[in-house]
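Pasting the structures here.
The following pair of complexes shares a single chain, chain A, combined with chain B in the former and chain C in the latter.
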Partner chain A sequence: MTPAGLLALLPLICLGAAAVLVMLLVAVRRTYTGAAVLTLVGLGAAFLTLPFTAGANPHRLFLLMLNGYTAFYAGLLVLAAAASVLMSFSYMSNYLQNREEFFILLLLATLGATVLAASDHFATFFLGFELLSVSLYSLIAYPYMTQGHIEAAIKYLVPASVSSAFLLFGMALIYAWSGQMEISRIGFQLRSIQSHAGHQWMIAGLSMIVVAIGFKLALAPFHLWAPDVYQGAPAPVTAFIATVSKGAVVALLLRLFTPADIQTGATLFYVFSLMAAVSMIAGNLLALLQNNVKRILAYSSIAHLGYILVAFLAGGARAIDAVTFYLVTYFIATLGSFGVISALSSPGREMEDLADYRGFSRRNPWLTGVFTVMVLSLAGLPLTAGFIGKFYLALAGVGAALWTLVIILVLTSTIGLYYYLRILVALFVAAPEGLRPEPPFSYSNTFLLALLTFLLFWLGVMPTPIIALIRTMVR
Partner chain B sequence: MILVWLIVIPAAGGLLSWLTQRVSPAWPKYVAFTAMAADLIVAACLAAFRPGATEFMVPWIPQFGIDFYLACDGLSLVLVLLTAFLGLMAVASAWTEIRDRTGFFYFNLLLTLSGITGVFLALDLFLFYFFWEVMLIPMYFIIALWGHENRVYASYKFFLFTQASGLLMFVAILALYFLHGQNTGHYTFNYTQLLGTRLSPAAAMLIMLGFLIAFAVKLPSIPFHSWLPDAHTEAPTAGSVILAGLLLKTGAYGILRFVLPLFATAVHHFAPVAMALGVASILYGALQAFGQRDLKRMIAYTSVSHMGFVLLGAFAWNRLALYGVVMQILCHGISTGALFILVGGLQERLHTRDIDLMGGLWAAMPRMGGAMMLFAMASLGLPGLGNFIGEFLVLLGVFEVSPVLAVLASLGFITACVYSVWIVQRTIQGPNAQEWKSPDLCGRETAVMAAMSVLILWLGLYPRPVFTAVAPYVENLRAPVVVSQALRGESP
Partner chain C sequence: MNILFYLAAIVAVISTLMVILEFNPVQALLYLVVSLLSIAVIFFLLGAPFAAALEVIIYAGAIMVLFVFVIMMLNLGPQSAEEERPQHPGRLWFGPFLLSAALLAELVFVLRGGGGAVLHEVSPEEVGMALFGPYLLGTELASMLLLSGLIGAWHLGRGFRSAHWSKAGEKEEGLL
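And then the complex of A and B:
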């Protein structure tokens, strides 16, 4: 390995090293704050070394693709992970069992997600996929003494294992037909797929991979785990699942299918269109029936991934830009919403019923304000990042003349407004005082939520710099 | 830059009044009042010292060809003046009604006004849509938080109707953007550049409908009006004033500014349908108004009726009708705004809006009775008051195009007489069966009514400044019609 290669790998090395160091620290002395700080330092180091990855030469190293695209997505994932760490810090502070290992698992999951985003080979694909999944099983079940978490973990474990099996089988079929395991080459082979004999093996293999991806992204019809797991997982872990885990898979999805030019390959195009349409419709309709904020956000994120698929289907550079930008806005709003929820929750005492939030504006105007703007951003209303994100998606969709999907997007997101408004109404109605004790003031949460709110408005009003950044790095 | 101030002053004032709530709950209203007064002064300065068109443009998101492009011609100017004026009146009318979370209320109110001003000034289609959405959320909060009994239902309905139609317009904007880009290779949301876009007839019709439906929901026109009675009835007084006086006008403005100039040919093909809808709105709104017991709901339905004239006149598309439409927009804003303020005052005193429980209020409240009389007369189109000029000009214009529709629409004058006289008869005249004894309009309310009365009288007696201001717009707008008629081999 060359020194340049080592430099390019530094972000991944930092993440791995941080996990080891936190483990050693815990072995020497249990210090909760120390573990959290070390975790943040590790994530920070990984983030600061990303420019090396962006400028890596050669690009391909150890079955990984290291370039601006990887660096951007890795940065996004690392920052989202850092946000989850900040959320967990106050969330777990009153937990009576061992708390420090939580951060090790978060670091490992982040490492898995980053590898997934960087993978250029089926081996690294599967490695990242499994590292992420296995860490998540334990993260979901981490506060195992309290009810519901184990159940959620098992509900995640079973479909995740099945999807891993699908993924492996799909990889095997593709390898058997094409002799390829490199993702970028497979992408290019897909282009000419119709003209080759025996391409049905390739289609079958790809479909299985799509099933696995669909599961991770909670796209309908593979979304059934999402509401239960979102509800049962600790709030910071839910935030992690909703952002880091999905973001990494989106990065891989784009890498695998963008060279394939799926606009022209009819089969895959219809498969993804159908998934997008069903996700948007099912996500938004089912969210209407929920009375649990975490479940509402679960269904809403199913719908959001459906929206992302619309832009993804547009194909080409515009799709990458739009999906990436939307993902950024989705990350901010989702982290913000779950940040508020986890600021109010602790293991075993999740504040998740819509009824808990009744009249919340009078008890805590500041958290209400943050929650309101996050929800408005998810709903795609102006001044918030979500507005520009929706605009970008619709722009990509209309630009590629995906009229049916764009119309479905428009109609379902109108339906979606209804449940976002339900949250807002609950926040602002009058309610009896003192339903729950106030959460103690936490610097980490305040910092995180203030930062996210600032970013939300910044992207909503001045999106130019970030769009330029995405264009230079991701293309 | 002065145009930016017009948008920034209300928004900043709103924020400031929210913040000052911490100091004292009494402060927000003074801050809000000062901000709107400053806004009105700035708007008046604009009218006085910059009579021509004013522009302000900086790039906003250059990657997509989006500019922060504001421009103010005569049409925008009169509407901005109306916004600042009615905004000030709305703040004054909420003075004692809103006691709960005053800071947040004025924040929402002023943010709505800021968004409305933006809608009237934006000439970049993306920016226009941005402001279009900005005015929505705070309005939703105003209805949902400070409204009357059935507020949650009404606020949902308002929001979903306007948002769904807004998104439809958004898709239409994007379609126009791409078609223009494909034709010219230059992708932009700039209105002045999009003006000449060549569209196939089918595309033009579809995109035009996308815009028109959004504006028809706001206007509102049959069959998209059903959100209006609920929203207007449940909103607090200031909210109703803004809704009826300004929010509806954004729909009218959208038709005048975007639908007519951008899609001249499609508008011509669609005109019979739109004009029929206008007439239907006039008659249906009036008929519905007859049946209401809730005074606010009744006035809300009269809005449907009056705004029918706007749709009718705009699609009749000739000089007289367009002048009439602008007058109708202004005068309906003032007269209906005033009526809502009066009803709000009544509700504050009597704690009911039920028209059957009122009667004989003139004796107890002569000043309120006088004002009610005046604005009811304005609403029925009494010559000498502004509304007459608007509706009369529209009818004259429509008669040139379609005498049948003009005759049907003129029935609106009769129906307007019926409901307006009913309002007067059943509230302020007749026996005071409930033996109401209430204080008359206080000094603040009297001042509001006096200002609005002077304005409606002025518009009725000397409307020329308005015509002078909008003349460049109207005269320019006539050009594409002549062209499109010539293209189709018809005589203009």
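And then the complex of A and C:
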């Protein structure tokens, strides 16, 4: 491995080293604040070394592809992980069992997600996938003495293991047919797949990989675990699953299928269109009758991933821009909503019922304001980042003449307004008697939520700088 | 050669099915051992004797022994001991015995030179060169994966403290 390659690897090395250092710190002396600060320092170091990864000439290290695209997605994932750390700092502070291992697991999960976003080989694809899943099993079950967490962890464990098995079988079939394990080359082979003899094996293998990706992204036929896991997981971990875990898989999806240049009429095109349409419809319709805020957000995230698939199907450079930008706006709004929920929750006391939020605007105008803005951005209202993102998606879809999908996107996001407004109505109606006690003031949460709100408006009013950044880095 | 592969594969499928269908945990474990052995034979037939040896040593050997220990330590009580007593003596060991006898016959046949040569035999040296050459990053990541599993297992397996106090002053009873 050359020195230049090592430099390009620095972000991944920082994440791994931070996990080991936090573990050693915990072994010497248990300090909650120390572990959290060291975790943030590790994530910050990984973020600051990203320019080496993005360096002028792309480094191919056989297993990983390190270029601007990887650097952008890794930066996004690392920042989202840092947001989860800030959320969990106040969330876990009342937890009187061991709390420090939480951060080690969070760092390892982030490492897995970053590897997934950087992977160029089936070996790193699978290892990143597993590292993410295995860390998440324990993270979901972390406050295990309270009810529901173990159940949610099992509900995540079973589909995730099944999807890993599908993934491995799919990889084996593709390798058996093409003799390739490098993702970029497989993508190029896909372009001319119909003309090769025996390409059914390749299609079968790819469908199995798509099943695994569908599980991780909670796309519609594979979404059944999502609401239960979102509800049962601790709120900061839910935020992590909804953002980091999905973002990494989207990065991989783009890397695998962009060179394939999926044309209208190809088998894969129908597979993905069906998944997109069903995700948008099912996600939005099933959210209508939920009374649990975390479940509503789970269904809404299923729908959002469906929207992303529409732009993904449009293909070409504009699709990558649109998907990446939408992912950024989705990250901000999702982290913000779960940030509010976790600011009000602690292990065993999740504030998740819609009824708990009745009259909340009187008691805590600041958190209500943040929550309102985040929910409006998820709904895609103008002035928020969500509007620009959705506009960009629709533009990409229209540009590729995917009329059916774009019409479904517009109609279902209109239906979606209903359940977003239900949250807002609950926030602003008159308060009932017998309220829950207010959470103590927390600097980390206030800082995080203020920053996310600022970003949300900044991207909503002036998206040009970030779009320019995406164009230069991701293409 | 193909026939040998299919034979080992059939043994693998049958024994794995029996792991799921068997009620008695010890008997299910026996079938699991046979399943792992048949995978090892498949590795051997494909020209990877090192992987086959590791499969036997690590999975069928070390990990299975741990499983047996865990089942013994769970100490399931007199009722489950009653269930474990074989109703039909001899039947308990017969299935796994038959399957592993088939595998043994296959192995002896191949070792005596039957079944034709494999295309390329992967030596332990080559495995090591691949793991610490091009796949070095993968090896390092696998160690991180193990670390994650270890920390998770340690945390979740610690059990409950007898009672703990939340800052709100309420007492919440643990399970122990």
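Everything below uses one rule, namely that the second predicted complex is superposed on the first by the 467 of 475 C-alpha atoms of A that agree within 3 Å, B and C clash if a C-alpha of one lies under 4 Å from a C-alpha of the other, contacts with A are read in each partner's own complex, and residues count from 1 in each chain.
Keep in mind that, in the parts below, contacts are C-beta pairs under 8 Å (C-beta built on N, C-alpha and C of every residue); 3 or more make two chains touch, one makes a residue touch a chain.
This structure is a prediction, so every number in the text was calculated from the model and none was measured.
**Student:** See if chain A has more residues touched by chain B or by chain C, and give me that chain.
**Tutor:** Counted on chain A, the partner with more touching residues turns out to be C.
**Student:** Check whether A:T243 is in contact with chain B, with chain C, with both or with neither, and answer first, second, both or neither.
**Tutor:** A:T243: touches no partner chain.
**Student:** Where does A:T39 make contact in the superposed view: on chain B (first), on chain C (second), on both, or on neither?
**Tutor:** neither
**Student:** Of the partners chain B and chain C, which touch A:S345 in the superposed model: first, second, both, neither?
**Tutor:** So A:S345 meets neither chain B nor chain C here.
**Student:** Output check: A:S337 vs chain B and chain C. Expected answer is one of first, second, both, neither. What do you get?
**Tutor:** The answer is neither, since A:S337 touches no partner chain.
**Student:** With the two complexes superposed on chain A, say which partner A:T53 touches: chain B (first), chain C (second), both, or neither.
**Tutor:** A:T53 sits against neither chain B nor chain C.
**Student:** With both complexes superposed on chain A, which partner does A:S273 reach: first (chain B), second (chain C), both or neither?
**Tutor:** In the superposition, A:S273 touches no partner, neither chain B nor chain C.
**Student:** Do any residues of chain A touch both chain B and chain C, and if so, which are they?
**Tutor:** No residue sits in both footprints.
**Student:** Hey, which residues of chain B end up touching chain A in the complex?
**Tutor:** Counting only chain B, the residues touching chain A are 60-64, 126, 130-131, 133-134, 136-137, 140-141, 144-145, 152, 155-156, 159-160, 163-164, 167-168, 170-171, 174-175, 177-178.
**Student:** If we count contacts the way the header does, which residues on chain A are in touch with chain C in the complex?
**Tutor:** Those in contact with chain C are residues 1, 9, 16, 19-20, 23, 61-64, 94, 96-98, 101, 104-105, 108-109, 111-112, 115, 121, 123-124, 127-128, 130-131, 134-135, 137-138, 141-142, 144-145, 346, 348, 437.
**Student:** Mind pulling up the chain A residues that touch chain B in the complex?
**Tutor:** 376, 381-383, 387-388, 391, 394-395, 398-399, 406-407, 410-411, 413-414, 417-418, 421, 424-425, 428-429, 463-464, 467-468, 471
**Student:** Contact residues on chain C for chain A in the complex?
**Tutor:** 134-138, 140-142, 144-145, 147-149, 151-156, 158, 160-161, 164-168, 172, 174-175
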